[in-house]
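Okay, so subunit A shows up in both of these, paired with subunit B first and subunit C after.
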Partner chain A sequence: MSAQPNPTLSVALEHVEELARGLGESGDALALRERARDLVTPLVLPDRARHLWRYTNPERFVPVADPTVLAPVAIAHEWPREDDLAAAALIAGGALRMVEIDDTARRAGVVIEDLHRAATDGLLGSLVPPEHGFAEAINTAAWHGGVLVRVPAGVELEHPIRVRCVASAEPVSVPRVLVVAGAGSAFELVEGHVGGGVPALVLGVTEIAVGPDARVRYSLVQRWDAGVTGHLTARARLERGAHFQMSLASFGGSLYKADVGAVLAGEGAQAEMFGVSMGGEKQHMDHHTEHLHEARKTHSNLDFKVALTGAARSAYTGMIRIAHDAGGSEAYQVNRNLLLSEDARAESIPELEILTDDVRCSHGATVAPLDEEQVFYLKSRGLPHFQAMRLIVYGFLGQTLQRLPATTRERIEALVASRLHEE
Partner chain B sequence: MTDSTNAVFSCADVHIWVGEKEVVKGVDLTVMPGEIHAIMGPNGSGKSTLANGLMGHPLYTVEGRLTLAGEDVSALSADEKARKGMFLAFQYPVAIPGVTVASFLRAAVSARRGAEVPIRDFRKELLARMADLDMDTAFAGRYLNDGFSGGEKKRVEILQMLMLQPRFALLDETDSGLDIDALKVVSKGINAASTPEVGMVLVTHYQRLLNYVRPHVVHVFMDGRIVRSGGPELALELEERGYDWLEPAAAAGGA
Partner chain C sequence: MAAHPTVADIGTDYLSKYGFHDPEEYFARAPKGLSHEVVEMISLLKKEPDWMRAFRHKALDTFYAKPMPTWGDTAMLAEIDFDQITYYLRATEKQETSWDEVPENVKRTFDRLGIPEAERKFLAGVSAQYESEVVYHSVKEELTKQGVIFLDMDSGLREHEDIVKKYFATVIPAADNKFSALNSAVWSGGSFIYVPKNTEVAIPLQAYFRINAERMGQFERTLIIADEGSKVHYIEGCTAPVYSTHSLHSAVVELIAMKGAHIRYTTIQNWANNIFNLVTKRAVANEDAVVEWVDGNIGSKLTMKYPAIILKGERAHGEVLSIAFAGPGQHQDAGAKAIHLAPNTTSKITSKSISRDTGRSTYRGLVKMRKGAHGCKTSVQCDALLIGSAARTDTYPTMEIAEDDVRVEHEARVSKLGDEQLFYLRSRGIREDKARLMIVNGFIEPFVKELPMEYAVELNRLIELEMEGSVG
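Moving on to the complex of A and B:
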């Protein structure tokens, strides 16, 4: 079955040129935007019979307003930062609002700058090209409010870099993040998505180029307000010997789809991914992960945990692809879903494409209600039902939460607690 | 019948169903302060059902009146009973991955005492009790019962009892699966918990534990009923003669 243009749905991207000019972009940048615009004009939505969109309606991510209309809004946004940071960048109201770099990081040559005017050496759109999908194409045509994070070769940062994207004041937010980790660099980056307020749509794209032997820890933390509909795509490309550890924490919004993953492009590259998601009420969460092993002796390991209350829904599809000439590789994937209420539902679909025999690969998925024996055990020690449940859920999610920076973890633990209180 | 006004625990005419099946068929039990009772009976006779049912396991339907230190607790949930001082050491403790022994126990002890226990005081107390039970301090940081051996689980049950200081403790086969050294350590813990205010019921089907912990009363439990009660000598008699000689009494008990 081939997809047909949907006669009733289209996306207006009328002002691509003015947008690029207004933001002072180069001619190459405009060419990329136009290529992206042409891909979604007319708009052809993905075939829902195909795996990636089986559980979530793509129409929900089509902007009603034209996102290329550049009307950045003045916004006041408080961002109290509690932990020591190497650098911080805030994207809000359609523009990069604030950049801070501490002296050590600055002296080491760390660059945090407005992506519209940054030299990106052709990296922009190379890890997530507009052909990736319609949401990514719309972002590529229309993004405004973007940041380049560049850590030079050999630089190791003691403290994390934080990038915060605020969804507010605009009907459509189209943030873009490009991270370049030089060879042998080592650092942690936390990308946080917050805000909401008006019924907002967010279409975000993040690209992370991890140079040879670099070690990058990356967290994508989504805690939008209720009412937000959002689609975030993040891809890392790992060169030889690179080590990439990703934490995925998905808590907010009403409808969320995340498409995250790593391309293991160089020999010996390693990708670890730890994810937690917790949904409540009528939240709908859809996560897709991809690990593409393109080089020999690459290693990926994924552990994704989902806890649901209320009538929340979760869909997870996890792709592992091992190319013909990626022998000696290993790939592991586990997805566990804990259903805390009778109306919660979860789906879990592993997708393996193994094109060589010389691999070790395993995957596992479980969907299970709260274990009554565990609850009774804790209650028999004096813990009230709610506290017993909370302890079990913290334990279930804990391994991943532990990998997040302390301040982020505390906020997420508070979110988990309030979710459980709704029960 | 013992006068149950001062009992730490008593129950009268308790019946317990698992689904449609009646497993416990009328049990009376009165445990006075300072007393240790042993309930002995063959496998499958309903001992664990009795213990879990009394504690309030959601799988079981319980009928009958339960009192804890003079208070009617028949309608209370497991956590309410636990906070009032009832404790069950499980025959098969479940694992709770991701939750450490220390964090779990601090929450439980705080619930039992009705106030958050300061972390330093708690730590000190926990390490002292673990030392009493010859436990490696590393246990405090391990996930509760996750990957524990049978013997380790039983020790952790006793550790919990010592930390929670119950008024009334039911110990379901805490002696099974223990080697002789572990049995001695566990017995030491049971004896330490058995103060003059505390009542205990040891469910077991071996006499072995009773060499280290002296019961005041021994009950023989068969087919959902207490078919005979006596002093410690009854345990020795069971050890020698098994349960078969009591079968007619079991039948008679139903009359």
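Moving on to the complex of A and C:
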């Protein structure tokens, strides 16, 4: 609206055509890339008066190098073998490097394939269109290293699917994930973001189409090394009767912005979101969540917890929107911030936009320090200060951590403990 | 927008440059639109000191330079045509509206609310003065004895220039936002109150009591200073609909509560439904001071108003208690701000809104705790009641916390006028319209009970009127 192009900032997207051709993409895919490129040429950054970017400088997410240039990289990232996975995919160095599917899942028709050559039935770019924002547009124009996960109708998987995106070896990582959950399917998917080192920047987009009556558990776990700047956007679209549970765990990187949410498009759809963000030192974490109720009798519930140590800073903005035609819906949203040090800062903007009267809706937000009475109580029972504090933080984060698959949870608990040791 | 004279030109040679020697004549010739000439003429007509004239011109440049807000109801804001607004009216012109021109519905509302005849004409803009001499006389005597200054802002500037110069625009600088800049350039009327140390003003001061003509200007400017240990309650507006042909009302209200002082500022806004009500209200609370905004928004087409309290001194306390009623086509975009600068300051924000039919109410708030503001506490509670499937409510709270040793709580609830509550009341033989009214009255009761008796009675009648035709 009032945003002006910043003449000093632009993004080079010179080789969109060569990229699409080299990757063997269809004409439709190229058209989408070109549409996205045109949206950011010239680059207009968002107006910071709007809350979505009030606390985080969008300029930090503008790539310096041209992300459409494929850098020839050698990847030596080994896949940590894990038991009890239905399937696994590894994206690293700008390409899908490894896919594993166990026999049961393969027989059931589960597909994990390179997104560049996959038939996506127009779903790519439909849940997170390039118009969503400049970071999403850059990803859409330049993405390489993508995976399609398709679970056919009626298929229930006992074990989780794991997608790992490793940020390394190239200056800009632009991974893309598309998940298609067939009608009545039921499974769990963990998308993990790790790595660091060379890359200055990660701009990732994930789209999840949840079919009618499907039940999907999805975790977005961010454990980048220090120094990484990253922006991840994830959107799910829920058809009639679908149930979508999202866990958000944010720990790594130096500057992180996440934009996650669900569109409740079919009657009776339900979305739950549990989020944990733990920042330390000088980390800057910015989370935006969105629940858009577009159909009748939809239900959403969100619990987002933030614990900060050091001079970490967290910004949280959450939007619940209930459309005029979404009568009979319910939406709940809670954001709690625990400040464990004097220099930590938290911002919270939980928002509601309710366009019809037949709703039940509430939200709450709190910011508070460690409860000294609880610490005192635990210490009086002989626990050292550090352990008392850790127990309280675990209690604070516990409900959310419980939702994560066991292996991920253990890893995150270790991260929580090490973060607390720093204090 | 065309180029405008810059600050350097200000206050130098307007007279010779534009050749208008008689402001009266000027306003007779050029009644609409905004320019440095208009500002110059307003200042000349009021015989203001140079510093105020320069302040106005500088503010106008700020107004020109600032863009319209890019947030809020931008579609409605875009309807404002600044060139079609009359920025200043001579008192004689104000009386030119005839009673016959006052819309029927406004007259009917006066009837229903039981507003006295003389008062009606004043409220409808037919008479510029409200004859409250008798009441006012005794009030005035009492105030004079206490050393309380209670004047309209224009007289305040004339009679107490030293105080005005010291505090004017110190809480809300002209450049605060586009509309405070506009007000700063063309302000007229409003109240000026100074309460001396350790003085308690026993009765609520009401703009009513003031005899001067400038009570309800479009661009009123109010400044209240409560000196150490004093206490004052000011009431602005009233429940009766205020009819005006002007489409824009943009006030600036500054409150300064010195150490240990207590200011309560009550507003009930019921502008006619064609009016944009874009108001900046802010208070500074020094050590141990208490500031309370009690804010009711019933009228107007679009209201944007977020009473703020800057908790500057240790242990200061701020409260904002507000209700908004958005009927068909209205947008009440209201809220509150609490800025905690000093340690051990506390604040409480309670917001209740009702959206009926196509009405939209928005809570927009800010709670900020600066680094070093140890031991602060705040709690924000927003309740929205929706009546009708086309009604809309939004909640946009913002919390910015830079200190760990604090407690911040925010809670919001949205509900519709409940079928169960209705059923319960109807099962006890209460008619549906009565039952709805009872529920709404119960919902806003915490607000009503903070009002002086006569206002509470009027507000209840008003809500009754607003609720008419809401069944079904």
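Quick notes on this structure:
The rule is short, and it goes like this: the second predicted complex is superposed on the first by the 419 of 423 C-alpha atoms of A that agree within 3 Å, B and C clash if a C-alpha of one lies under 4 Å from a C-alpha of the other, contacts with A are read in each partner's own complex, and residues count from 1 in each chain.
Methods note: a residue touches a chain if its C-beta (ideal position, glycine included) is under 8 Å from a C-beta of that chain, and two chains touch if they have at least 3 such contacts.
Fair warning: this is a prediction, and the values are worked out from it, not measured in the lab.
Following the overlay on subunit A, a side-by-side fit with no clash is recorded for the pair subunit B and subunit C.
Once the two complexes are overlaid on the shared chain, A:P384 sits against subunit B while remaining clear of subunit C. With both structures placed on the common chain, the touch criterion links A:Q374 to subunit B but leaves subunit C unconnected. When both complexes are overlaid on chain A, the residue A:A183 reaches neither subunit B nor subunit C. Of the two partner chains placed around the shared chain by superposition, subunit C is the only one that A:R345 touches, whereas subunit B remains out of contact. Shared-chain residue A:G398: touches subunit B; no touch with subunit C. Which of subunit B and subunit C touches more residues of subunit A: that partner is C.
Taking every C-alpha of subunit B against every C-alpha of subunit C after the fit on chain A, the minimum distance is 14 Å. Judged by the document's definition of touching, no subunit A residue lies at the interface with subunit B and also at the interface with subunit C. Contacts from subunit A toward subunit C in the complex involve residues 1-2, 47, 49-51, 324, 327, 337, 339-342, 344-369.
Residues 55-59, 77-79, 82-83, 87-88, 90, 93-94, 96-99, 103-104, 107-108, 111-112, 143, 160, 164 of subunit B are the ones touching subunit A in the complex. The part of subunit A that touches subunit B in the complex is made up of residues 371-374, 376-385, 387-388, 391-392, 394-399. Listing the residues of subunit C that touch subunit A in their complex gives 67, 69-71, 74, 355, 384, 386-417.
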